[in-house]
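This report refers to the structure that appears directly beneath it.
Labels run A, B, C and D following the written order; every chain starts at residue 1.
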Amino acid sequence: MIETLWVIILSFSLFAIGIFGLISRRNLLFILLSLEIMLNGIILLFVAASNLHGNNDGQIMYLLVLTLAASEVAVGLALVIQIYRQQQNLDVDTLTKLRG
Amino acid sequence: MMLFTLILLPLVGGVIACWSQRVHQDAPKWIASLCLLLSLAFLISIKLFTSMDPSNLWLVDETLAWIPRLNISAHFAMDGLSFVLILLTLLMGLVGLSSAWNEISQHSGFFYGNFLWTLAGIIGVFLAMDLLLFFVFWEVMLVPMYFLIAIWGNENRRYAALKFFLFTQAGGLLMLLSIVALAVLHYQQTQILSFDYQVLVQSPIDSEFAKWICLGFIIAFIVKLPAFPFHSWLPDTHTQAPTPASIILAAVLLKTGGYGLLRFVLPLFPDASQFWSPLMMGLAGISIIYGAMMAFSQTDLKRLVAYSSVSHMGFVLLGCFSLNFYALQGAVMQMLAHGVSTAALFMLVGLIQHKFHTRDLNQLGGLWSTLPKLSAMGLFFGMASLGMPGLGNFIAELLVLIGTFKQAPMFALVATSGLILAAVYSLRMIQKSFFGVSVNADENRENKTGHTSKQIITDLNAKEKITLMLMCLSLIFMGLHPQPIFNLVNGSLIEIASLFQASFQPEILLIEVQL
Amino acid sequence: MSLHFLPAMIISITILILLLAIALKRAHNLAYVITGLGLIGAFFSQCILLYLPNSSDGLFAFSPVSSLLSLLMLSILIFLWLQLYAWLAKQKGHKEEFYLLLLLVSLGALGMIVSEHFASFFLTLELMSLSFVGLIAYSQDKPVSQEAGIKYLVLSAVASAFILMGIAILYLQTGSLAFEQVTNEVSSSSSIPLLSTTGIIFILIGLFFKLSMVPCHLWVADIFQGAPLPSTALLSTISKLASFVVLWKMFNLGGWQHDHIILEIIGLVAVASMLIGNLLALLQNNILRILAFSSISHFGYLLILLLLFNQDADLLENAEFPLEALIFYLSAYLITLTGTFTVLMQLEGKTKLEQLTGLFWTRPLHAASLSVLMLSLAGIPLTIGFMGKFYLVTATISNQVLWPLPFLVIASVIGLFFYLRIIMVMLSSINQVERSSASTTGERASLWFIIAVVMGLGTFPAFFAEIIKHTVR
Amino acid sequence: MTILLGLIPLLPLFSACLLIFWQPKLLLTQIIAVGSISLSALLALILNVQLWDQAQFVLQVSLGQWLSIDNLSLGFTLYLDPLSLIMVTIITCVGALIHLYSASYMKDDPDVCRFFAYLNLFVSAMLFLVLADNLILLYLGWEGVGLCSYLLIGFWYREQKNSQAANKAFIITRIGDTAMLIGIILLFYQFDTLNIQQIQLQSQQLLQMDELPTTEIISLCCLLLFAGAAGKSAQVPLQSWLPDAMAGPTPVSALIHAATMVTAGIYLVARNMDLFQLAPDVLHFIAIIGVVTLILGATSALAQSDLKRILAYSTISQLGYMFLALGVGSASAAVFHLMTHAFFKALLFLSAGALIYCMHHEQNIFKMGGLRKSQPLLAFSFGIGCAALASLPMTSGFFSKELILEQTLLAHQPLLWWGGVIGAFFTALYSAKLFFIVFFGKLNQPSTHNTPTAMVIVLMILMLLSLVGGVQPQGLFTHFSAPADSASPGHTLSLFQHWLPILLPIFTVTLAWFMFIKGYFTPTTPSEGSSVSLKQKLHQFLLSGWDFDRLYRLIFIKPFKLVTEYNRRDIIDLAYRQLETFSSLLYRQLNRFQTGQLRHYSASLVIFCVLAIAWGLIQ
C-alpha cells in the first residue's frame, strides 16, 4: 500500500514540472502540454486526499478538473490554429505586438 | 432656503450663460453681469431684512438633510465674517467681469459659465457649516477654475493648471482624513456622530490625535493661502491664468484659506492651535520675507504681484495664529484690503499685457508718458500694496502687528522688516514699469510686431476707469473708516479670541451692528 | 430548487434559445432581442428576490448582499448590452456569438457571486474564464485580439491551476470542500503548520491574478489594449466584481483574519497595487492602458477594506460599516468604469490620447461626460467616486487601520495627475474645426444618463446609501 | 475758532484732490494751488492773532472717528497748542511763499498741475502731522509726507537717476518709519493709549514718582521714535538720502528739504519731550548724534561743488544743531532754531533756484563767478542768507544758534559745546566760501535773463523774515516752561564761553576772504595718477558725505541683490520639479516590466508564489 505521502510528493513534482515547462518552452503547443501536466498533478493530489479522508469529494473534483482540462485544451488549440495562420510559427516570444 | 438660492443663482446663471452663447455672441457677458448684480442685491437684501438679534451670532442659519446615513446635513449659515467675504467675492466677480469684457473672445459662453460656477463654489465655501459640505465646495470650486486656466490661459497654461489643481487637491485630501478623524473621535467622546461645525465646536476633542488632526486642517489651508513651503503654485498659476481668472484667484480664492483657519482651525482645536502657533507664526514670518525677496528679483510683472500676495498673505497667517483679538481683526482686514489691491494690480497688469503683449519688466518702461491714467492707478495700488497709511492694507498690517507684538515680539519684528521689503519691491515695480523712458520706443516695437499700422495704444476706457476708481474709493474707505467692517466681523472674532485669552474681556460684547 | 435560482435559470434558458436561433437563422437583431429579454428578465427576477431571507444548499448561499451584488452586475450587463448593437454593427464577421459568450459570462459570474463551495466556485470560475477567452479573441480580423486571447487563456489557466492546487491542499488538510468547514478547521487543527497557509496563498494568487493585483498585474494592460472594446468592458467589470466577491466571501467567513502572514501579504499587495498601479499610468498615451492601470489601483483601495473585517476596534460601533463601504465603493467604481467604456465605444475606437485632442470643441457631450467620469475616478467631490472614497476613508479610520492612509493620499494625488492629463488633452484647442458625425439620440440619451447617474449619486447618495444599509443589516 | 483750525489742513487736501481729478489749465491750477495755501496761511495768522495774548491755550477739533476696537480707539482729532501753532504758522507761511515762487518757476513745465497737486498734498499731510493728537494720525501724516517727497523728488520721472533718488529717499525714510511704528506699538502696550497728551501726562506722573519703573522699555520706545525722527530729518545713520533728494525741482527742495519735512523729526521729539525725559540716556544719545551729524554736514558741505548739494549738507548740519538742542533738553531753543532756519534756508534755496534759473540750469558753483554786478538782488539775498547761516551777529541765525550753544553749556556738556563751536566754524567757512566764489572773482559765464517779479517779491519777504526773525516768539517760552530749561540759573557762562560764539563767525568770514584772495578755493581736479594724494582722498571722502553710500551698498544692497538674484527661480519650486522628475523616472522603470512576453507574465505569477511562501516560512 503506497503511503499517501509519496503520492503527494509525486503530485507536487508533477505540478512543478508543469510550471517549469510552462515558463521555459517557447512553443505554444508545449505550453498547453505543460498546462495539462500541471492539471494532472492536481488531479492526483485530489484523489490521494479523498482516499486519505475516505469521502469521495475528491473523486468528483477529479471529474470536474478533467472536463476543465479538456475544454481548456480545446479552446487553446483553436486559438493556436488562428495564430499559426497569422504568423506561420508558434513561437510565443514573437507574440509581442501588445507591450510597453 | 435663502442661502441655498444665493449659491444657486450663480450656478444657474452659469448654465444659462454657457448655453446662451449659441443665441448671440456676447449674450453670455450680459447674462453673467446680470446674474452677479442679482446675487449682490439678494445678498444685501438678506443682510438688511434679517432680524438683527445681537444674541445669536448667525445672521441666517438653514439646514437641509443630505446624507442621513452618516448624519451629514447640508447646513448653511452666514455670520458677519462670511457676509463680508461673500460681498468681496461678488464685487471682485464684477471686477473680473469688467476686465474680461473685451479680452475673452473664443468660447466665451463656456468661459462665463465656468467663471460663475467658480463664484458659486466660493460662496458655498463661505456658507458651508457642515465639514463635509465645506470639503465638497472646497474641491468643487477648483474644477471650474482649472478649466478657466487650462483653456484661456497664456503660453504655459497646462502645467500651471495641473500644478494648481494638484497642490490644492493634496491639501484637500489631508483635510478629508482630518475631517473624518475629527468626526470619529468626537463620536467616541460624545456618542454623537455629526460633521456639523456648531455641534463639534461645543466639545473640542482632547485626545493626543487632536494635534495631528489640527495639522491636517492647517496644511490644507496653508497650501491654499500660500504660506512659505507650499507657495510655489501661486506664481505659475498667476502668470498663466487669464486676467479675470487671476483676479478671482488673487482676490477671493486665497481668502478661503484664511477663512478656513479662522472658522475651522482656531475654534475647533483651541489647545492644538496654541501648540502649533509658534511654528505657524514662524512660517508666516518666513513667507513674508521670502515672498518679498522673491518679488524683488522677478522680471515677469504677474509673478512679481503673485509673490507680493504671498508676502501679504503671510500677514494673514501671522494674524490668525497670534491668537489675539486685534490680530484677528487685522487678519480679516488684510484679507479684504489685499483682495481689492491685488485684484486691481492684476487688472492693470492684464491691461498692460493686453496692450503691449508683454509682461517683462525690462521691456516695459515710461508708461507714464503714454498711459498717464493707467500709471496713476498703478502708482496708487502700488502704494496700497506697500501699506501706505490711509489705505486698507496699513490698518490691517498695523492691527496684525499690534496683536503679534503682544504675543510674540520676535515674529512681529520679522514681519515689520517685511514692511520695508514690501516698500523695496513695490517701488522697483513702479519705477521699472511707469517711470523712466520706454525702453523699446514705438518704432522698434513696430518692426518687432511687423504689422504696418502703428498700433495706437489707448489709455483706460470708461468702464475700466470706473472699476478702478471704485476700487480706489473702497480702499480709501477701508483705510479711513474701517469701523463698519470691524463691527460686522466683531461678533465671531470675539468668540474666537475669548477661547485663547483668558484675560480677554471685551467690554462691548453686544455691539449694535450698523453698516 | 429554491426560488433563488430563478435569474440563473432564465439566463440558461436564453442561452439555449439563442443557440437554437443561431442554428436556425443567423440574424443579428434577433440575437440582440433574445439576449435583451433574457437579461431584463433575470434583472427583474433578481429585484423580486432582493429581500428574501438567507438560504443556502451546500453549493450556493443566497443572502440579500449577494442578491444586491448580482443586481448590480445585471444592471451593468444590461447597460453594456444597450451599447452593444451599435458597436457590433460596425464589426466584420459573425455577431451573434458575442451575445452567446456574453450570456455565458453572466451565468458564470452569477454563479460565482453566490457560490460557497469550492466545487461550485471552481466550476463557475472556469465557465466565466473560458467564455472570456472567447470574448477577448472575438474579432478575427485583428491579430492583436488573437494574441490577447492566447495570453489570457494561458495565464488564466495557470491561475486556475494555482487555485485548484490551493483547493487540493486545503482539501488534503481538512477533508471537506465547503467554505464553512474549510475555514473553521483550518484555524483549529493544523497537522503541518504551514500547509494551510500555502494553500490559502495559492488560492490568493489565483484570485490576485483575476483582480490583476500588483505582482500579477502585467497581463491586464496588454489584454485591455488588445481585446475588442466590449469584451474589455466586461472583463474589467464582471470578472473583477465576481472574483472580488469570492475573495471577500472566503476572507470573511473563516478565522483567516488572525493569520498574520496572510494579513501582511494582503496589506503589502494592497499598498503596492495602489502606488504601482497609479505610477504605471502616469505618462501613458493609450486610454485603455490608463484604465487598466487605474483599475489595479482602485482594487488596491478595495483590498484595504478587506483588512478591516477582522478589526474589533470599531469606533463607530457598527460592524457592518466596512461591508457597506465595500459595496458602495465597488458599485461606484464599476458604474464609473461602465460609463467610461460606453463613451469610448461611442468614440469609434479612438483609444490613443492624441486622437482625443480638442474633443471638447468637436463633440462637447462626449468630452463632458468623459471628463465627469475621469473626475469620478479621481475622486473629486460631487461625483460618485468621491462618495466611494469618503466611505472608504470613514471605514478605515473608524476601524483604526491608519497605516494605509498616507499611501492612499499619495496614490490618489498621482492618480489625479493622469486623469487631469486626459481632460487636458481634450481641452487643447485644435485649429481645423471638423464637425464629426452627429451622434444619434440614443447615444446622447445614454451619455446624459451616465452624467446624471455619476453626478446624481455623487451629490445625493442618500437613496443608494439607504438601500445598502438595509441589505447589509 | 475751531472751524478755522479744522479748515487749515483740509483746504490744501481739497485743492490737491481737485487738481488730481480735474487737471485744469495752467493759470487756474496756479490760482487754486497758491490760493488754498495762502488761505490756510491767512487762517493760521488769524489764529495767531486771536491766541496771541493767552499764554497757555489748547484747541481741539474732531473731524471724525477713525477706528475703535477693544481699548484701541483712534479719531481724526486735531490738537493745537503753542508748539503746534508755531509749526503751523511756519509751514503755512513758508509754504505759501514757496507756492507763489514756484508758480512762476514751474510755469513752463508740461505737467505743472501734477506738481502743484503733490505740493498741496504735501502741505496738508505736514499739517495733519503737526496737528495730530494721536500717534497713528501723526504716523499717517508722517508717511503721507514721505510719499509726497518721493513723488516730488521723482517728479521729472524721465531721467533714471531722479526716480532712483526718489526710491532711495522713500526706502531710507521707510526704514526709520518702520522703527517708529514699532516704537508706537510698544508705547501702546506701555501706556495703553496712543493719545499724545495722555502719554505726556502719564510720563509726567512717572517722572514725579522718581523711581522710574520699567525704564528699558520706555527708553527702547524713545530710541525707536528717535530712529523714525532720524530717518525723516536725515540724521547720521539715515542721512544719505537728503543730498540725492536735490534731484527734485528747487522749490521742492526749498519747501520739503529745508523748511518743513525735515523738521518733522524735531517736532516729534519736541512734542513727546516729557516721554523723552523719562529716558535721559536716550536724550544724551540724541545730543551725540546731533553733534556728529552737524560736523559731518559742515565738513562735507565744504567739499561740494554743486550749489544745491552744499545747501543740502548745510541743512543736515543745522538739523544736527536742533537735535543737539533737543538732546540737552531745551526744546524751545531747538524749535526757535527750527523757525529761523526755515526762513533763511528757504531764502538760500529760493535764491539758488533763481540763480540756476538765470544761469540756465548750471549748478556747479565754480562755473558761476563774479555775479555781483549782473545780479545785485540775488547777491544781496544770498548775502543775507549766508550771513544768517554763518550766524553773523544781529542775524536771526545768530540768536538761535547762540541760544543752543548756551543751552548746551547750561546742561554741563562742555564736549558737545566744543563740537557745536567747531561746527559753527566750518558752517561759517563754507557759507562764506560759497558766497565769495559765486559772487566775487572773475565773471566766466554771463547770466542771461533776470528773475521774474513773483520770485523777487518772495525773496524780499524771506530776506525780511530771516533778518528780523531773531526776536523770540513769546509763546515758545511759556510752552516749554519745563524745569530743564531753568535748571541751573546760578551757573553763569565764563567770559570766554560767552564771547567766542559771537566773534567766531566774523573771524572765519575774514579768514575765508583771505583764502579766496590767495585762491585756495580752487576745485580739486581728480588726479589721473595712481598715487592719490591724501588731499584728494580726503576730498573724495568728504564729497561723498563720509562714504555712507558705499558702506550701505556694501553691507545691505550687494548681499540682498546677490541672494535674490541667486534665488530667482525659487528653490522651493525646483524641489517640487525634482519630485516630478523622480515620479516619471519611477514610471519608466516600472514600464520596463511590461514586456508583452507571455512567459515573463507567467514567470511573475510563479515568482510571487515562491516569495509569498518564503515570506510565510521566514515568519
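Here is the rule we use: a contact is a pair of C-beta atoms (placed from the backbone, for glycine too) under 8 Å apart; a residue touches a chain by one contact, two chains touch by 3 or more.
What you see is a predicted model; the values in this text were computed from it and never measured.
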If you tally C-beta contacts across B-C and across B-D, the winner is B-D
Taking mean C-alpha coords per chain and comparing to the overall C-alpha mean, nearest is chain B
Per the C-alpha means, the centres of chain B and chain C lie apart by a whole-Å value of 43
So, in whole Å, the Cα centroid of chain B is separated from that of chain D by 38
Averaging C-alpha coordinates per chain, one finds the centres of chain A and chain C separated by a number of Å equal to 27
Between chain A and chain D, the Cα-mean centres are separated in Å by 97
Multi-partner residues in chain B (2 or more other chains touched) are none
Residues of chain C that touch two or more other chains sit at 150-151, 154, 158, 221-222
Residues of chain D that touch two or more other chains sit at 591, 594, 596, 598, 602
Each pair of chains that touches is included here, namely A-C, A-D, B-C, B-D, C-D
Note: in the complex, chain D contacts chain B through residues 64-70, 72, 76, 136, 139-140, 142-144, 147, 150, 154, 157-158, 160, 163-164, 167, 170-171, 174-175, 178, 181-182, 185-186, 188-189, 560, 563-565, 567-568, 570, 572-573, 576
Chain D partner, complex, touching residues on chain A are 19, 22-24, 26, 31, 92-93, 95-100
Residue positions on chain B within touch of chain C in the complex are 65-70, 106-107, 132, 135-136, 139-140, 143, 146-147, 150-151, 158, 161-162, 165-166, 169-170, 173-174, 176-177, 180-181, 183-185, 187-188, 193
Chain D partner, complex, touching residues on chain B are 163, 228-229, 231-232, 235-236, 293-294, 296-298, 325-326, 329, 366, 368-369, 383, 388-390, 394-395, 398-399, 401-402, 405-406, 412-413, 416-417, 419-420, 423-424, 427-428, 431, 434-437, 480-483, 486, 506-507
Chain A partner, complex, touching residues on chain C are 118-119, 122-123, 126, 130, 133-134, 137, 140, 143-144, 146-151, 153-154, 157-158, 160-161, 164-165, 167-169, 171-172, 175-177, 221-223, 225-226
